[in-house]
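Paired with chain B in one complex and with chain C in the other, chain A is shared by the two complexes that follow.
Coming up: the complex of A and B.
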């Protein structure tokens, strides 16, 4: 009986997720003229970063033990972290903050859907992620000399899962930064800060560039290194990939538990903007 | 006797409000004080009833509605709505209720009403045939069927509000919570919405709980009135009883051809409103014809209008009385 209920719940969530994706996609393409500027801006940023990496490596062979080619792979993972983080996490968190601030959360909470699941997945249209992320990612993929990289398939698979676990942990870190909106009425700047630390500076320096204590802090309490730095290190075989996989897995599970507790606490204290 | 659909006992809500002390203290040592928005409210509502929650701004009526709908966690007391504790927000409960807030939008602005309804169809798991039939019927009833493919942000307030209403009852709820549903609307839209609410209440046996500052909404839509003031229920009875209490009084609006001193008018009744050539007085219904004939003889009258005491005045009196008692 419980298994049947569980299956029904999963199926219901998938239906809601699909409907939300279609809904968000429609919103993303509602103003076609607005979409192209972001594609140009992200492509221009990526090309300037590629140029920057080229200039740096013209004067040195390695940074934190990473060759030019390895650094490009690291850079690619950093870019993927950025796009997935924005599309899957930040967009939903900004909507959550705005809804709490303006009182529109009332209307969302009235829907017969698991509220936390819906609020953190309702704005994944996919169009912006692909349109913004694909051209610059292709540029980096083209710049990497793949045959020169020492990529073991097992390490790549571990790296892929570490990337997913890291993205979950990063999302929860940003979610916790958004939660004060329930008490303060606004938390956009706090989320901006978390976003900057997470998908920005968290993807700038490889894992091996940090001291042991910083690796522990930025891999646990402020889990901003897992998605990019841990996964790159695991894929390239620079650190034991199974060890990093287990670390990332534990942090992701702990993060989900913290998120659920924080949400229950926040929603119980929700006062709703006056109407 | 049937079990009430809504049962509330000693319901309380306490808000913590930030105490202003200045920038630095507010930033590092914030202090909060507690405000009781609702004090020991007790009432029951039966299936199919249409009840108005009335009160001045800040009285606690929206707070009550938000606790009933499950948005707010009560600070004390108990709530039972169709066997559910609303704050649990169980899907089975949420599928049985609808909420319309006059100054909130449940529809996404960038999309059309139809695209919004499509999402509701998925969320509420409404079968395609039923969905199409309901959208057609409800939008025709409110005369908004031609706006379904227009972007929501391009609709007028009245059109949007009507579509909000359709959206909130697409899933056929048993209870519909309405918080100021006609706020800011023109008279035609208001009338349309009022008659629509009455129709769906009768036809679908929906229980309506309404808050509004527009007494016409209340009079046209509700059968029962609960008045809240300073977080306390000060009146709970049928609309009929409320009006009956004042049925022995009438308002006479006198249109004069020239200005008349107040003293000459006061002897016929209490002055309610006075403009240079128009005066409204309150008289006893028993003396109505006698007073009118006296006035016609003694005053330079152009026209006389007789009305029953407006609901607005009745409720206003109630607020004043309950405030005096509290003071």
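Coming up: the complex of A and C.
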């Protein structure tokens, strides 16, 4: 019986996820002109960053033990983290903040759907993620001299899983940054801050560039280094990949548990005109 | 003039409704600076550059301060113009008995008030780390800053005018901003650029927008170079402002809205 209920629950969630993706896709393709403009914007950003990396490496051979090519791989992973994070996490969090701020959350809570799952999956911009991210990512892939990179297949697989665990942990960190909206009425700038720390300002500093204490803080309490810095370090074999894999796995599991507890706590404290 | 100060004050006070948001904005700036310092410390260690960490920190603090104060970075005025055109809200300002550009500029200053306050703090900390060597250095900084402000103002007007021609120019605006960040020296000091790129860039308006003001405090100034750079900056100030206002007036004629 329990297995049957579990299967029904999964099927229900998949239906919600499918419907949300179709809705998000329709929204994304509604303004084609804007989509082109976004592609131009992300490509321009990537080209400016490639120029930045070239300028930096015109004066030095390595940064924190990373050669020009390794830094480009690091940049590629940083960009992938950015696109997936915005599509899977940030869009939904901004919608959540807006709903709480305007009182629309009542309408969501009344629906016969698992609220947390629905709120964190209803606006996954898959089309924008691919359209915005593909051309610039191809530019970076083209810029990398792959034969000069020392990539071991086992490390790459570990790196891939670390990237997924890191993305989960990053999402939870940003989710926790959005939660204060239940008490304060607004938390957009707090989420901005979390997004900025997660995929913005630190994106060009490799793991080995941080001191041990920073590595621990940014790899556990504020888990912003895992998706990009940990996975790059594992893929390039600069740190023991199994160790980083286990670290990322534990943080991801802990993050999911923290998210559920934080959500229950927030929803208990939610007040609105009709609740 | 008082009415514009009132607009600034009113727009700024709206921000204080959410004190935690102010805290988050401040913390974001702290993280931005901290990551910059970490990155450039690693760079100096690896490249064996003759720069000191104080010098490079002062440079970035002042560069970020100048870029925010003049709105060269993330173009607060162009963003305000763009949002008002997109939403049709600009019609409200056209019919009001105030001048359009100064009104929008005052709102942009007010709404970005916290960022501007942090910009001033940035510059002050930069000055503490790398105090101006003489009155001449300070005078040159002020002159370069005025130049930066005037060029950035024209740039914001030009960028904002694009919204009168495209349904949504945010993508184009973001693209321009990404290059502006790099070419004005907000990401990398222009003296680190390879030749002949830095020599070519010298004759463009970009160094005058941020780099020259920021670099004037942290480097040894050669009077001939200063006058040359000031001359180039004044040329671009006049040219770009003429172009920007001509383009703005031409573009505004295309604006259509219900009731206008």
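FYI, the second predicted complex is superposed on the first by the 270 of 275 C-alpha atoms of A that agree within 3 Å, B and C clash if a C-alpha of one lies under 4 Å from a C-alpha of the other, contacts with A are read in each partner's own complex, and residues count from 1 in each chain.
What we mean here is this: contacts are C-beta pairs under 8 Å (C-beta built on N, C-alpha and C of every residue); 3 or more make two chains touch, one makes a residue touch a chain.
Everything numeric in this text was worked out from a predicted model, so none of it was measured.
Of the two partner chains, chain B is the only one touched by A:111; chain C is not. Once the two complexes are overlaid on the shared chain, A:27 sits against chain B while remaining clear of chain C.
In the superposed model, more residues of chain A are touched by C than by the other of chain B and chain C. Judged by the touch definition given at the top, the superposed model places A:16 against chain B, while chain C stays out of reach. Contact with neither chain B nor chain C is seen for A:126 once the two complexes are overlaid on the shared chain.
In the superposition on chain A, contact is made by A:103 with chain B only, not with chain C. Contacts of chain A with chain B, set against its contacts with chain C after fitting on chain A, overlap at residues 31.
Contacts from chain A toward chain C in the complex involve residues 31, 33-34, 36-41, 43-45, 47-48, 51-52, 55-56, 58-64, 180, 184-190, 192-193, 196-197, 201-202, 204-205, 209-210, 214. Across the interface of their complex, chain A is touched by residues 15, 62, 66, 69-73, 89, 91-95, 97-99, 101-106, 108, 110-111, 115, 118-119, 122-125, 151, 179-180 of chain B.
Across the interface of their complex, chain B is touched by residues 12, 15-16, 18-20, 23, 26-27, 30-31, 103-104, 106-107, 109-113, 115, 268-272, 274-275 of chain A. Across the interface of their complex, chain A is touched by residues 17-18, 20-21, 24-25, 27-28, 31-32, 35-36, 38-39, 42-43, 46-49, 166-172, 174-176, 178-179, 181-182, 187-188, 192-194 of chain C.
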